[in-house]
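Residue numbering begins at 1 within each chain, and the chains themselves are lettered A, B, C and D in the order written.
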Amino acid sequence: MCRWIAYSGTPILLSQVLFQPEHSLIDQSLHSRMGVETTNGDGFGIGWYTPDTDTPAVLRDVGPAWNNRNLLEVSHHVRSGLFFAHIRASTGTAVQQTNCHPFRSGRWMWMHNGAISEFHRLRRDLALAVDPALYPDIEGSTDSELMFFLALTFGLREDPPGAVARMAGLIEKAGHAHGVPNPLQMTIAVADGDRVWTFRYSSEGRSRSLFYSTRVDTLRALHPDAAFLRDISEETRLVVSEPLGTLPGVWNEVPESSYGIVQPGGDVLRTFRPALQGDPA
Amino acid sequence: MCRWIAYSGTPILLSQVLFQPEHSLIDQSLHSRMGVETTNGDGFGIGWYTPDTDTPAVLRDVGPAWNNRNLLEVSHHVRSGLFFAHIRASTGTAVQQTNCHPFRSGRWMWMHNGAISEFHRLRRDLALAVDPALYPDIEGSTDSELMFFLALTFGLREDPPGAVARMAGLIEKAGHAHGVPNPLQMTIAVADGDRVWTFRYSSEGRSRSLFYSTRVDTLRALHPDAAFLRDISEETRLVVSEPLGTLPGVWNEVPESSYGIVQPGGDVLRTFRPALQGDPA
Amino acid sequence: MCRWIAYSGTPILLSQVLFQPEHSLIDQSLHSRMGVETTNGDGFGIGWYTPDTDTPAVLRDVGPAWNNRNLLEVSHHVRSGLFFAHIRASTGTAVQQTNCHPFRSGRWMWMHNGAISEFHRLRRDLALAVDPALYPDIEGSTDSELMFFLALTFGLREDPPGAVARMAGLIEKAGHAHGVPNPLQMTIAVADGDRVWTFRYSSEGRSRSLFYSTRVDTLRALHPDAAFLRDISEETRLVVSEPLGTLPGVWNEVPESSYGIVQPGGDVLRTFRPALQGDPA
Amino acid sequence: MCRWIAYSGTPILLSQVLFQPEHSLIDQSLHSRMGVETTNGDGFGIGWYTPDTDTPAVLRDVGPAWNNRNLLEVSHHVRSGLFFAHIRASTGTAVQQTNCHPFRSGRWMWMHNGAISEFHRLRRDLALAVDPALYPDIEGSTDSELMFFLALTFGLREDPPGAVARMAGLIEKAGHAHGVPNPLQMTIAVADGDRVWTFRYSSEGRSRSLFYSTRVDTLRALHPDAAFLRDISEETRLVVSEPLGTLPGVWNEVPESSYGIVQPGGDVLRTFRPALQGDPA
């Protein structure tokens, strides 16, 4: 399993989120509290949008995040208003850059925590469902990358919640066809540079942890002395696998089987339900 | 493209073949003379059999062979009577351990120099032809690994020349279906711990270079002063992408469209022709 | 801090010690119980002697041991009767191959767990004490490598216990000169291919954990059903940072301020005391 | 030996200099024309200044530049008005991140092509000349890093040309004391975020190649159709180990034994001569 962070809001140095908090993602790479594995040392990745390039930049490497100097350097010198970070604990697949998150396609980025149960048995069926025009671009061997390709196949660019629902539906259908009881376990973040969609779902209804930060104006009222809160816009939002600290009132659990959209003009939180491809939207 | 070496014969330290010769494989990683690329610095691998384990050991890494200390260490301390070595020049696919040769399945090892033309377009069709029971074990993204899985699918363990012929036939058929004029370019080595099969073939009839060493008894007559030749058995044989030196009489070109078997009791050299799966053997 | 294992005895596959035990070194890399850090993921190394080469082979890499495929491969295919293994948790110095243990000089290997307190302040004085003929061979930036060079300077090849005592004496003297209260914390293993010396010492008298295995004949009497014990010679011995399992009677703590010699003909355990260079032996 | 580039001028994406030119630094990593080695695949580094951080960011890695995806990503997404890039061909020292250029101290960056002759013999004497307060920060094992520490010791922050002259003088003095005929061979770039100093010197008077770009206003007159020249300021300047292309009039050889300063308000080019520490400035 893994841990991840999605940030959207006032442009900041990545290090302010990745390194500075008490229980930062870097700390979680050594001492995760809520993850299935306490150590997440099988590679990492960050992806960030900048105003003057079409695609997000993605930096990934195979060693642990906690001792990687390039991650430290880039985090302390790059500023972004929308970025992802992910630390990996392999469930068996190779530790290689192409298995590290986030994955990218054009302007879109994707990262995942969780697993497809008995992926080894389902892998071929799921790969066959990928659009043949996209199939050749699969570079790694993870369930997570394949989920991204399935979502792209099912219309991620036009309708992210619908595409992820169809992806989940297909995985559950394939799993059940192979006699796998609870095929899917996932928290997902996906972005297009303007908005971030996050999903929390599992077939068994006991999904990996996911939290979102409270509205900044509410936090300012709660913590009038917190200098940090004065420097960030009201629309700033974090979604994280586990809280970055213990300040009261900051972190809220994302409900089971739901998805949220972080976007200019007002975030939303809705119910998530897998769909089959022929289902009405 | 790539360069490779297959050794079979008297057990020796790997370094005697990999490092000591004038134009050794390590030298070829910096200054290949006959390769499509002069630099082969996108990863390397060695695989060796030992008397007391069932499977060959495989050591692979993503950096260049010429500066890798672990390769230097292992080569100078491991002795084997049957080993492979490969240096890689990527034609675009990711530089990662799972894309490095040799590939292994049980007792079998495989390495390749060459390419499937327009692999990007053929990849999915070829992947679908892999035995569904084997498909989940594909870890990398190269044409070379996929060729190995196709050969395994087509009976490599029972009939190596037949399986490789059917693999080549399928690739050419898939290529022609997609309008690719010369789909296949290959030199291949495959071993099971007792024998080594090597193949030289290309759809266009202009295959990558491949050489085999002269019989040791003939070499001894030619070079009575060469101490090295006294220490190795008459059955010792090397097959290489390009000669390791300029000693006259040592290196013989493998003919176009042929395959050889290095084995106890007498090596053989035969014509190679792609086959379709339904063809009579 | 770090964890390590030294094995001497019947030649075995390295994996039998590194991977198979319940709380193997690989398990300790993720979940150390007695180390200062629970995670030891900042590089690893193994070194092994073989009958037919003068020097030990050393394989080291910068990633975690738990996911390294080359470590897995070599451990499952290389057999040795005297080998070291080490997993590293950096105390700040760079994660690079030249900072990984074991270190080697000719036939000698060295590995260390512990630290020189405030090494940053003492480093130059200690480096100046290294034999000028050896100084240019320092490749890394750790206290551990510098300790090896000091021991070599002080006669490690002729008198290992004396050289390590003089090394410890110098470090304590340098530390006290800089006002460092407890300059040295160490468990060390050093070998020359025939014998293994292990040391446990700290200036404060509270040294890192170190254990040695019980004599094999005693263990056989204790555990008559343990098949493993029948296959190894009576002289087989393990010295480890923490026990590899919970079988009663197997593991004995090395006493504070002592050193042992594992050697043919009878192991010894003696008191260790730092010495100054002019001290009588 | 190595190859490097220093850019100062209009902020641009790093890729415009590192990847786009016909004979870019990335192309030089595979096919250097003027270097001692044609392949520069033993690590690389980039360092760039941004308006809103005190120190430059440094990204370094041990593999070849030509296949490194993180270099590709960062170069295509980071914009800077003052940056360095370096590709390394090791002359024997370890291939590790701490041996990759550029080196950094606070706001200062340093990179080097060349070598100290018989560095192995001079290393200790030179290390002893480093300010004891700086010595503990030496992390690697190269002559290049040690030259940086010597220059810092001799006042780089206050007087770069004087400090580099004293560094060169000390190296030549140490070399001659050890009977080394031509101790120093160097092209160096050093920056503080506002200015870039470049040096070309060798004891034998046959220094490695170094070129600077022609003034932008002159180039515009020469190449009125070159769109690229319209987008960059008149003060933009490149200093490179070898020309990035063949456009006439663009590249000028830096004279033997000279140094230049690229700075706002007008660049300068002056004679360089090693100095001994007591010399009058």
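Quick notes
As a convention for this text, a contact is a pair of C-beta atoms (placed from the backbone, for glycine too) under 8 Å apart; a residue touches a chain by one contact, two chains touch by 3 or more.
Because the structure is a prediction, the values reported are computed rather than measured.
The minimum number of touch steps separating chain A from chain D is 1. The rotation relating chain B to chain C, fitted on Cα atoms, amounts to 180°, rounded to the nearest 5.
A repeat of the A-D interface exists among B-C, B-D or A-B. It is B-C, with more than half of its contact pairs matching by residue number. Centre to centre, using the average C-alpha position, chain C and chain D are separated by 41 Å. Within chain D, contacts with two or more other chains are made by residues 69, 94, 97.
Within the complex, the chain B residues that touch chain D are 30, 38-39, 41-42, 62-64, 66-67, 69, 90, 94-95.
On the chain A side of its complex with chain B, the touching residues are 93-94, 96-98, 119-121, 123-124, 127-128, 132, 135-136, 138-141. Partner chain C is touched in their complex by these residues of chain B: 13, 48, 50, 52-53, 55-61, 69-70, 73-74, 76-79, 97.
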